[in-house]
Amino acid sequence: MISQQYPALLIIAPLLGAFVVAVLSWVDKKYCFGMAVASLAAATVSSILLLIDVVAQAPEPIVYKLGGWDPPFGISYYVDSLNALVLAVISCVTLVNLGTVRTAVNKEHPGKEGSFYALYLLAVTGHLGMVVTGDAFNLYVLLEIAALSGYALLGMGHRRAAFSTLNYLFMGTIGASFYLLGVGYLYIQTGSLNMVDIAGILTQTGATMTVLTAMSLIFIGVLIKMALFPMHAWLPNAYTHASSPASSLIAPMTTKVMVYVLIRMMLTVFTPDITFSMPPVTETMVWLASAAIVGCALLALSARNLKRMLTYILIAEVGYMVGGAWLGNTTGMTGAVLHIVNDAAMTLVMFLAAACMAYRLKSLDFDDLKGAFSKMPFTMAFFVLGAVAMIGVPPTCGFFSKWYLLLGGVQAGNAGMFGGYVFCGSLILSSLINVVLFFRVFEIAHFEPLAQGVDDHGHPIRPKIPMEEAPPTLVGGLALTAVALVVLGLFTSDIVDVIEAGVLPLLDPSLTDTIFLAVTGS
Amino acid sequence: MFYQIDNAVLTLVVLCALAAINIKDLLGAGILFGAYSFMMCLLWAVMGAVDVAFTEASVGAGVSTVLFIAAVFRTSRRTKD
Amino acid sequence: MKILAIALCLLLGGALVFVVGDFPDWGDPMSPPNDYRLSKHFIENTMEETSVPNIVTAVLADYRGFDTMFETAVIFTAALACFFLLRTWGRRPSKPDNVYMHLLTGVHVRLKHGKTLSPQSRTFARVESEILRYDLVTSTVCRLMIPFIQLFALYVVAHGHHSPGGGFQGGVILGASFLLLAISHDLRTLRERFPEVKLMYLLIAGIVLYSGVGFACMIYGGNFLEYEALGPLMGVTPVMAHSLGILFVEIGVAMTVMATMILIYNYISSLGTYERGL
Amino acid sequence: MTILEIIALCFIAMGLIFFLGGTVGILRLPDFYSRLHAAGKLDTLGSLNVLLGLALYSLAPISLLSVLTALKILLCMFFVFMASPSATHAIVDAGMDAGMPHWRKR
Amino acid sequence: MIMQSSIFPLLAILAPLAGIPGMMSSKNANVREAWTFASAFATFALALVLLPGVLDGTEYTLTIAPVIPAVPLALKVDSLGMLFAMVSTPLWIVTSLYSIGYMRGLHEPNQTRYFCCFALAISATVGVAFSANLFTMYLFYEMLSFATYPLVTHHQDPEARVSGRKYLLYIVGGSIGLALPAMIIVFSMAGTLDFLPQGVLVGTNIGAGLMAVLVVMFIFGFAKAGVMPFHSWLPAAMVAPTPVSALLHAVAVVKVGVFSVVRVLTGILGVDLLAHFHLSTLISGIAAVTILTASLIALSQKELKRRLAFSTIGQLSYIILGVGLLTPKGITGGMVHIAMHAFGKITLFFCAGAIFVGAGKKYIPDMVGIGRRMPVTMTAFFIGSLSVIGIPLTGGFFSKWYMLQGALDSGQWIFMVVLLVSSLLNAAYFLPIVYKAFFCTDEESLFEPVVKEAPIHCLVPLCITAIVSVVLFFFPDVFRTLAELAVEG
């Protein structure tokens, strides 16, 4: 039965695809792209079919035993609505991006398209694997693949890309080491690596010192990898200097997947009982997220380059998700997961728009954006749509996750967590700052270059800027994703249903045993 | 086994690590890292993890040192900080 | 800044050491890692389930074979990343100088503007540069040693499920033997034996062998990497199929690791041109 | 304690003495070349002795397995005997190439 | 009350959007404007189809998408929404006609963009009118904000840039910074955002303090209503072409703001609940301060469009004041004033534009004697002023009459005084213009005989609206019935 193999297929297809692409790059370069798209499409299809299957049999998760070994002994995949949704989103986003960036790849990596696509597929494999896996150590291995291919993709960029990627490499390695150390501590305490199995043992042992240390190590590691505000310094440089196809892959994917890992660790491994057992910690995390939101929004104000600005907004969005997850109520958690979905789409739109602009403009510094509305009207139109989503205006999807997060914040505040109100305040503030940020870009692209003199009718004479749009494939992909923002927004209730099917059982102690049974069979 | 040997090797591991961090000469750092790996290999072997020790010896003490040295030769021997 | 970093390190290290007090005792048979069903299961059942005496290898390549596949993929990624980042074309001067050495005297001759001597010449040999001299003792001894090293490496690969060792170690040793060749002679010698394309194919073939075995299991009706499914194909019992599957997988790992080691060394030492190195 | 073991222990002890001498030489000799001299010669000899001693030691209850082990150790000896001096030679050669000066008595 | 599902409200919203591709792809200006008219008439017709049903007490509903559980994206045509649609859709036709004359007369660049954004704005306005819940209204409200930005900054010069900034700062800042949190608070308390006749907060344990805070957040949050101190975007936005100003200040933008406030006060917070907490004084007080201040500032403005802008600020607060009185008469008056003021004020703006097209004058002191050269325009201006001041024989009287009655009913005499004083102030800043335009000696006249009326495209619309302003005095039944239906719930 092929339908039982979806969890494996969606990892294996891009992995094998990467190898085939690597061979093809030595045989004939022109087949690389087609092969990459085909394998990623296979993964996307199986992830979507998997999502349908999982939703049909919720809340019981789908368990896939790799090597045929029963869960605690071998590695097993563990797919519930939560990660099935993230899988579908990540695979769709990467597929659309891959289909779109071909011309940009040809322009930016001449002669190395084959290895670019191979690394691209490997990065996708790593991230998908991190989401689908139910094994804490397997997650680390996939983290390595994702990180390594990410370093390679980001490092091959403009002037200072290699150096800023080196910083990324250091921070990424530190983060991964923290995670590994945490898993080691967990193993010492539990003797198991299967997430659900660990959770089962932890409910018996309770929050011992070792478990708490493991928890903090894992969370610190994951927070470094996702670049939450005080640990964010590596991200802006790495993403800014990278080539546009690489950054439009990594930016929508990496931070979101790491947020998913955080949520998975919070809910499945440590269970809400332990995770939210210390109110000061929970409160601190929400404050930290609020600080991240506001701080990064302010840092974004200081940026003079479009891509740098976007990276700071990206980090601020990480704060949204982390804060939502730590609010400690269902609404906030739903908002956080919903924002994973929406932010992946929004970030993709923004970075694809940046890629389109980078294709035609000299650079993405604000000074070089003058006249962009005249030069590339379609790109800019979709950029505006993406910006509107980032600001959080209905009916684009950005509004709805913000809605849930705000609602969760108010609920948390009403439940006595003052941080909830602070979180709401910082969300609103960051939305306002986003308005300023994006309209500053629009102003430069719309008003400048300023008029020279006045014509007979008293109207200013604006310099004629010929239309010079990016290649149709790039703009086409951008259009598709931009429209998807609205579509996602209109289908919010369906997405929320899926999310709640995934999150509610995890938050509900009475259902924990059911999942444990389903996964370990004992 | 003799825990004194363990302790001695452990001390050497820490010393090698500190020295590798602090030394200005990158070539020296690479070689110290090789020594560090070798000490780790000893530790693994003492603890009975022969497979790990084997890997550490071949990868850590062997090939990675060669790669470090090759990289140092192709770049610069001095660190900036 | 540096003080802050040191303080953070000390703080973290202190915390980690402090928590060690909470650990189960070292080697305590009742501690969770030893007492829990996982370790017990591996110790008691590995031989019956996989017919592999070395439990480490069994866990590595069978119970957690999926992890190992991705570790191999990490190695593959590293090689690909080095290719992607370091490989350069067209930066070499159009007509490089060639350096030849008179084998008997060791005198170096530099021919400008790309002129060459006959490759078949018995008295002159082309060398990479005049700085690194061709040393008779070293090169001869290395040429003597390298076959033995490679033999040993193959033994490590093939004997991985009976004694310590396996694909990783064997592959590294195999790769190291070629690095020794490159160091004792020069990069050109290695390059002639292993052109870049061949290495790349080897690199990919290794990991494809691994994941291909896994995929074949899927095609033959098992889960991914469920070697039992291949039993009928290979004509052995399911338990024996595990053992054989592990062997295939280890060979794949060795191929990838070896190719990676050589490739990375080549790219680093030749500055990405894959021409002339250290 | 059998005679074989005593002989083996003698070899091992002798090897350790050579090692000691080599270490003292590395520490005390004045320049690069003479230190390498000590390291190359005495370490090789020391390890040969130790390995030989170990080979004999492992023969003690003689059987196919122990003979095989002894043979493996002898193989190791062979390789050490080949590799160690030529490595020393290569290092000295590199030192000459790099222009490392000789030590001269003042 | 009869509920009936109908696709027409959605069609009415989509009709202007449907014209946009046609406008963008038109090679010829006439074809483009044909598209504009087609979609304008289509929108009006679609709204008109629903009018009889609404007058009979039917409500048309349509759920587009269940975006958030309990808060769907849904449309509802009730009497208040229909009232607003009846104001905005016919005026779009008139404004389009006027735009053509104005834009062609002045040879403005980027006319295609202008007409497209205009259509977008109207679509959003109709959307606000037909929203079934606060969320849907917020959606269209924001859509309107972003659609009008290119209109405000049409000239793309530094002055437009500054105005655009101010516009966004107040409008978007208000909606995201104040209205959205208020909406979240309401939702977290009530669990729904549907507009209900008695408000959604009935039955929750809301206190007077929070209620007052919500009132303030909504009134200031919907900054398009121009309540002081959130008004200064309005004079700044005067840099836009005059038809845009007409759209902004008479039809779409400000009215959407006021309409939103009215909707929230009646449908979300609930009139009875507001009265229960004695918040009438708060709402009306805020409005009264704005009315008086804006009228006084208007007196001192030299530029005609700026004077009209401050007049608008004052008049908008009439509506809020009327509703804030929380008496049936007052609310009816406030709602009817939406319509009456729209027709009066758009006439005035059309006239200002016509003067600019015909004579090139912007400042009031330069307009001495203009009535002799442009008699039609200035007559219309006179009628418009009368309507805005609220003098009988024009529609404006009607709404003010209701509001005065409402103030009497509520027993808050002070607001009656405010209304009367501000009417006097209105007269003080409008009538001198008209007087100077007609009654001056030949020496005083600043105009040569060559100055003629503006093009016919400009004249026809302003005549139409002026006539409608008068007609509304005699036949106000449609708007009055709709408002009364809305008040009765």
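Labels A, B, C, D and E are assigned to the chains in the order they are written; within every chain, residues are numbered from 1.
To be clear about the criterion, contacts are C-beta pairs under 8 Å (C-beta built on N, C-alpha and C of every residue); 3 or more make two chains touch, one makes a residue touch a chain.
What you are looking at is a predicted structure, and each value in this text was computed from that prediction instead of being measured.
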With chain A removed from consideration, the chain sets that still hold together: B, C, D | E
item: Smallest number of contact steps required from chain A to reach chain C; value: 1
item: Neighbouring chains common to chain B and chain E, by label; value: none
item: Reference chain C; chain at largest CA-centroid distance; value: E
item: Chain at maximum distance from chain A, centres defined as averaged CA atoms; value: D
item: Best-connected chain pair, where connection means C-beta pairs in contact; value: A-C
item: Interchain centroid distance [CA atoms averaged], chain D/chain E, Å; value: 99
item: Centroid spacing, where centroids are CA-atom means, of chain B and chain C in whole angstrom; value: 19
item: Inter-chain centre distance, chain A versus chain B - centres from mean C-alpha coordinates, in Å; value: 37
item: Length of the line joining the C-alpha centres of chain A and chain D, rounded to whole Å; value: 58
item: Sequence positions of chain E contacting 2 or more other chains; value: none
item: Pairs of chains, among all present, that meet the touch criterion; value: A-C, A-E, B-C, C-D
item: Chain D-facing residues of chain C, complex; value: 131-133, 135, 137-138, 141-142, 144-145, 148, 184
item: Contact footprint of chain C on chain A as seen in their complex; value: 5, 8, 12, 15-16, 19, 22-23, 26, 64-69, 72-75, 111-112, 115-116, 118-119, 122, 125, 129, 137-138, 141-142, 144-145, 148-149, 151-153, 155-156, 162, 181, 185, 187-192, 201, 208-210, 213
item: Of chain A, residues touching chain E in the complex; value: 384, 388, 391-395, 400, 403-404, 406-407, 410-411, 414, 424, 428, 431-432, 435, 439, 443, 446-447, 450-451, 456-460, 462, 489-493, 496
item: Complex interface listing, chain E residues touching chain A; value: 64-69, 72-73, 106-109, 135, 138-139, 142-143, 146, 150, 153, 155-158, 160-161, 164-165, 168, 172-173, 176-177, 180-181, 184-185, 187-188
item: Chain B residues within the chain C interface of the complex; value: 50-51, 53-55, 58-59, 62-63, 66-67, 70-71, 73-74
